[in-house]
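Shown below is the structure under consideration.
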Amino acid sequence: MTKKKMVISQEVIVAIVLVALYLIFRLISSDFGKYTTFLSMMDISYYYVLMAIGVAFPLITGGVDLSIGTGMICYALAGGYLIRAYHCPTGLAILISVLFGVLIGLANGVLISVMGLPPFLATLCTCMITRGLGSVVTGSFAVPWPTAKQENGWFHSIFKITLENKTKLPLGLIWIILLMLIMQFVLAHTRFGRYTIAIGSNKEAAILSGINVKLYHVLVYVVSGLFAGLAAIAYAAVIKTVQPGTGAGMELDAIGGAIVGGVSASGGYGTIYGTVIGAYVIIFLKQGLPYIGFNANMQQIITGFVLIGAVTIDIIKRKVIK
Amino acid sequence: MGEVILQMKLIDKSFPGVHALDHVDFSLKRGEVHALMGENGAGKSTLMKVLTGIYTKDSGSIIFEGKEVEFHNTHHAQEAGIVIVHQELNMIGDLTVAQNIFIGREFKKGFMIDDRKMIEESKKLFNELHIDIDPRARMSDLTVGKQQMCEIAKAISHKAKVIIFDEPSAALTEKEIEDLFAIIRDLRKQNLGIIYISHRMDEIKVITDRVTVMRDGSYVGTLITNDCTKEDIINMMVGRVIYEEPKTHSMVPKDAPVVLKVEHLNAGKMVQDVSFELRKGEILGFSGLMGAGRTETARALFGADPKQGGSIYINGEKVTINSPEDAVRHGIGYLSEDRKRFGIVVQKTITENSTLAALENYMAGLFINKSAEKDVTVRYIRELDTKTPGPEQLVVNLSGGNQQKVVIAKWLVRNCDILIFDEPTRGIDVGAKNEIYKLMNRLASEGKSIIMISSEMTEILRMSDRIIVMCEGRKTGEIAIEEATQEAIMDKATRDIK
Amino acid sequence: MNKKVLAMMMGAVMAAGLVSAPAFAAENLSDTTEGIAQFEGLTADDAYDFQIVVKSFQSTYWQAALQGMDQAAEELGVTYSAQGPASESDIADQVNMLNSAINGKPAGVGLAACDTSSVLESLQTAVDAGVPIVAFDTGIEGAPEGSVVCTVVTDNTAAGQVAAENLYEAVKDQIGDEPVRIGEINQDNYALNIQQRGLGFINKLIELAAEDGYTVSVEGNEFYVDAAEGAVEGDADIILEVRVPAQTTVDLCSTEAGTILDKEDTIAVFGSNQTAAEGLLVANDNREVLGDTVVGVGFDAGTSIKAAVEDGTFLGAVTQSPLMMGYYCIYALTAAANGQELIDVPTDGYWYNAENMDDESIAPNLYD
C-alpha cells in the first residue's frame, strides 16, 4: 500500500512540474503567455503526445519502439502522396496512413514476439526501413497535404477550429484527453492492459499462467504503430508539408515523455495519464526554453538532464520498494 | 486413498543428445500425497512438464480419470484440472494478489475486467484455505511465503483435481511450511491427488503417503512412505550408500589464529550489529531461516552492498572493504548461491573462468599468457577433481557440482584464504554434494578459512566447526558443534520472530 | 527496456546538442557574372555527347534542371543522356551509374552527387580515363586533382543578399522613429550553405541600412552575431534577431519563429531555407501577422511556400535555379570538351513573388 501512495505522488510531482514550468516561462517571458503561443504549443504537442501514448505500451512490457518517429513521417508521406498523386479522398488517405502504422506495428510485434528479436533491435530495423520507405514511396520528395483552405483539407478541423469571430480553438486537446482516458481504461481494466503489465513484470509467469503472451506481445506493438499512424495525421495537419528523411529523434522525445511521466524504464509499471503529462513536460521545455532565451545547445542539455532526473527517480523508486 | 486418478505409462522423451525420460511409469490416487524424488537431472521436472503439456512426449500414454489425454500447453492441463505450483514463484509482482490469481481467466463485465468480483472470489478462496492475505495487496509487497500461498490458492481455484508441488518449501520458514502442510492435508481430505517434489527427506516422511523414486531418467520404484526409511529412499536415489552423519567435534586446533574478525557490522535492515570471528582452518556455519540476513551479511562483508558501520580485521589488522575489489585484494572470495548470475560465465571455458578474478597475474605485457593460464587451470582441475574432458570445455556443459568446482578454482587461483560459500550445494545432486563436502574439508585442513551459509540443517551440522545463528538481521546465537542440535539451532533461528 | 538502451538514448539526445559548433567560417564565392562571362560566344567544336548523373528524377527540381540542359544542348548543338537513382538516398545505385557513364568514355560527365564522399573513387577513374567532370547543384569537396573541371552551384551568399534587398525595400519606411526588429530563422549554424545564406542576408541588410543612415545590432545565435560585419552593440535602429532551433525540424523552427512573431516591434522575418520558411508559416498559422503587420520572406519552393507567396502571406521568396544550373552545366561541359580552362560558375538566387512566379523564367524553378 505504501507503493500506491508513492506512485500517485510520482505523477502528481510531474503534474506540478508541468504547471511550474508553465508559470516560470510565463513569468520570464510575457510572450509565452499569449493565447497564440498556447495554440502553437498545442498544435505541435499532438503528434508527440500521440506517439507517447502508443509507445507507453511497449515500454510497460519492458520493450521499446524506436520506429515511431520515422514511422510517423513515413505514414504521413504515404497518405499525402495518395492524395496528391492519385487524388485519393482525404478520408481514405487518412485511413490508409493509420493502417500503414498498424501494419508496421504488426511487423514489429511479429519480429519481437514470434521471431524473438530484442525490441531495441527489431524496432531500430523498422526505424531504418520506414525512413527509407518514405523516400522510396515519394521519390525523395516532400509531400504537401491539402491546406485548411482547400476543399479536401477538412481534416485540419479535427485538431483546430476557427469560430466565426476568428477565435481558434485547440480541438485536438479534447481528442488527446479522450484518447488518454480510453487508453488508461484499456491499460487498467481490460485483459490487454493487464497482460501488458504482466509481460513487463514477469513474462515467464505470464506464459505459465496460460496467457497467449505471443499474441498480446504482438498487440502491444500494434497499438504503438496505431498511435504512430494517428500521430501522422496530426503531423500532416500541423506541419502540412512532410519531408522525407526526417522523423528520426522524435521517438526519443515521445519515449522520454513517457518515462518522465512515470512509466518504468524496466517495464511493469506506467500510467497513460502520467505519460501524457510527461510528454507535455518535454513539449513545454522544447517550446518554452526558446522563449526565455536559451539557445539550441542549452535546450538539448536541459532536456537531457530532465530525462536523467526522471530515470533516476524511477530507479530509486524501484530500489526503495524492493 | 481412493482409486487411481492419473496414470502415466511408459513415458519416453528425448532431447538432442539426452534421453531425458526412459519409459517411465507413474500413478497417482485420489486423496494421496505422492512424493516424486530423485537427484537433480533424474527427470522429475521433465516428467511433470510432459504431464502439464509444456513438453510433448515421444511415446507412452497418460490416462487421466479413465481417459487417455494429451495436453498441448499448461492452459489445457489447467482446464482439465491438473495444475502445477512452481518452484520458482510465477507471480507478477506489479499486479495485485487477486489479479494474479485470476490472470488468464479474468471475470469480465463487457470489455472491462471485473476487479471487484475477482477480489471477492479471492477472499472466498482464502477463507476456505484459512489464509490471511489481502487480495488487493501488490504481489511484490508480500513475503515469499505468502506469495507461495497465493500460488497455491491460484492452483486450487482452477477446480484442480491434481496439484503438483515443485519444491514448495525451498523458500519457506518453518512456520510457513507448517501452514503449507495444513493446507495440503486439507486438500488430501477433499480427495485431490497431490504430487509433491522435494529434496527434504524429513518433509517427505511427514507429509507424503507414497514415494516414487527416479534416477537418470528411469523409474526406480515406488514405496509406501511409512514402511521405509530415509536410507531406503536415498539408496534408491543414488544407487549407493552415502555418509550423512553430523560432525561430532571441531577440527580446528585450539591455538588457531583468528584470520577474520567482524565487529558491529551494520548494513540496511537485514544486517544489524553482527559480530563474529573466523579462525584459520575453520568452517563457520551460518544458519537461519530464509530472510535471516545471512547472505546480506556476507555481501556486506564482501563489499557488494554498502555498509552503515562496523569494523573488519584481517589477521589482526583493520581493513577497509568498500567493494568486492577491496575484498578480493584482502584475500576474501565469495561463492554466490546463484552461480549462473554471479559466480561464473557459463558460455566461457573453464580456463577463462578460472583466471577471471586474477587475470593480472596471467598477463604477458598487454596479452594474456595462455600457457600459464592453462597450466594453473589444469592444476586445479586435477586438485579439485573436476570432471571435464579438458580445460577448454565450456562451463555450461558441466554438471552443477563441477561448475561449483570451477568457481572454487577461480578463488583459489586468486589466492583467497577466506572463502564464503553461500549455499554451496544448492542445485547439486546428492553424489556431487558429497564431493563438495570433501573438498571443503580438505581446503579447511590445508589452512583455508570458510564461512558456509546453508539453509540445510543436515549440511550445517555435518560441515561446521562452529555455528552462528541469525534471525531477522541479528546474530541470535553461536553454538560449538559439540553442543549443536537441530532443536538448539531452530530455537535460536526463531528467537526473534513474534 | 534495459539500461544500455537508455544510455544510448541519452547519449543521442546529448550528442545532438554538441554537434552544432561552427565548423566553417563563411566565405564569399566569386561574383556570378565572371563565371558566366567565360561562356560568351561559346560554340561546340564537335557534336559532343555528354552523360548526366542527377540525384534522382522524381522531383520537379530535377525536371527543371533537365529543362535547362535541353535548352543549352539545343543552343550549342550537343546531346546528352541523363540518368539517376530512384531516390536521393540510393547512393550505391548512383555510384554504379556514374561508373558506367565514365566507362562509356563520353565527352564529359555532369554530376549532382547524392553523397560527395562516395563518388571520389569514381572521379579518380574519370581522371585516368580523361573524362572531364562538371559538378552541379552540389560541390564536391576533396575531389581528385583534375577530375572536377568546373562547379556549378547556387551562390548562397548572393541568394541571402537578394532576400535582404527585397525585404529591406518593403520595410524601410517603417524604420527610424522607434527601434524595429527584423528576424531571421536559420535551420542550423554549421552547414556551409545555410551559413552563407544567413550571413549574406545579415551583411547585406546592415549595408543597406547604413546607406540610409540606420544602425543595426545583431542578436541571438552566437555564430551569426560574431560573424556579422558592421553591426553595432546596444541601441540601434534595427534589431536583427537571428534564431537557430535545437534540431532541424519544422516544429522547432516554428517555435523559434513564434518567439519573434510574438514580439511587438517585429516588422519582418526571413526563413533561410525550406524548413525554416515552413516553420515560419506554421508559427503564423495561429498568429496571422505575416502579410499584415509583419513582412515575411521565404526561401526555396514547395507547395506551402508557393501558396504563401501566392496569397500574400509571404512578400516573396528566393529560389535556387535548377534551370540555370542545368543550363550552365551543359555550357561548362562543352567548354571543357573544347579544351577550355574553366572557373567555377555560381548561379544566382531568384527572387519570386505573386507577380512573377508564373513567368517562364521563374516557374520551372518552383518545384512543389
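In order of appearance the chains are A, B and C, and numbering begins at 1 in each one.
The rule we apply is simple: a residue touches a chain if its C-beta (ideal position, glycine included) is under 8 Å from a C-beta of that chain, and two chains touch if they have at least 3 such contacts.
Here the structure is a predicted model, which means the values were calculated and not measured.
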item	value
Which of A-B and A-C has more C-beta pairs touching across its chains	A-C
Chain occupying the most central position, where position means C-alpha average	A
Farthest-lying chain, centroid of Cα atoms versus that of subunit C	B
Mean-CA-position distance for subunit C and subunit B (Å)	70
Distance from subunit B to subunit A - Cα centre to Cα centre, in angstrom	45
Euclidean distance of C-alpha centroids - subunit A vs subunit C, Å	33
Parts of subunit A lying in touch with subunit B, wherever the complex brings them together	1-4, 185, 189-191, 194-195, 197-198, 200-202, 204-206, 208-211, 268-269, 321
Residue numbers on subunit A that touch subunit C, as the complex places them	29, 31, 34, 36-37, 39-40, 43-44, 59, 62-64, 119-120, 132, 135-136, 138-142, 144, 147, 168, 238-241, 243, 245-246, 249-250, 252, 255-256, 265-267, 286-287, 290-291, 295-297, 299-301, 303-304, 307-308, 311
Footprint of subunit A on subunit B - complex, ascending	73-75, 78, 86, 88-95, 99, 103-106, 108, 111-113, 115, 137-138, 140-141
Touch list for subunit C against partner subunit A, complex	1-3, 5-6, 9-10, 12-14, 16-18, 20, 55-59, 86-89, 221-222, 243-247, 249-252, 254-256, 258-259, 262-263, 274-275, 278, 281-283, 285-287, 302-304, 307, 368
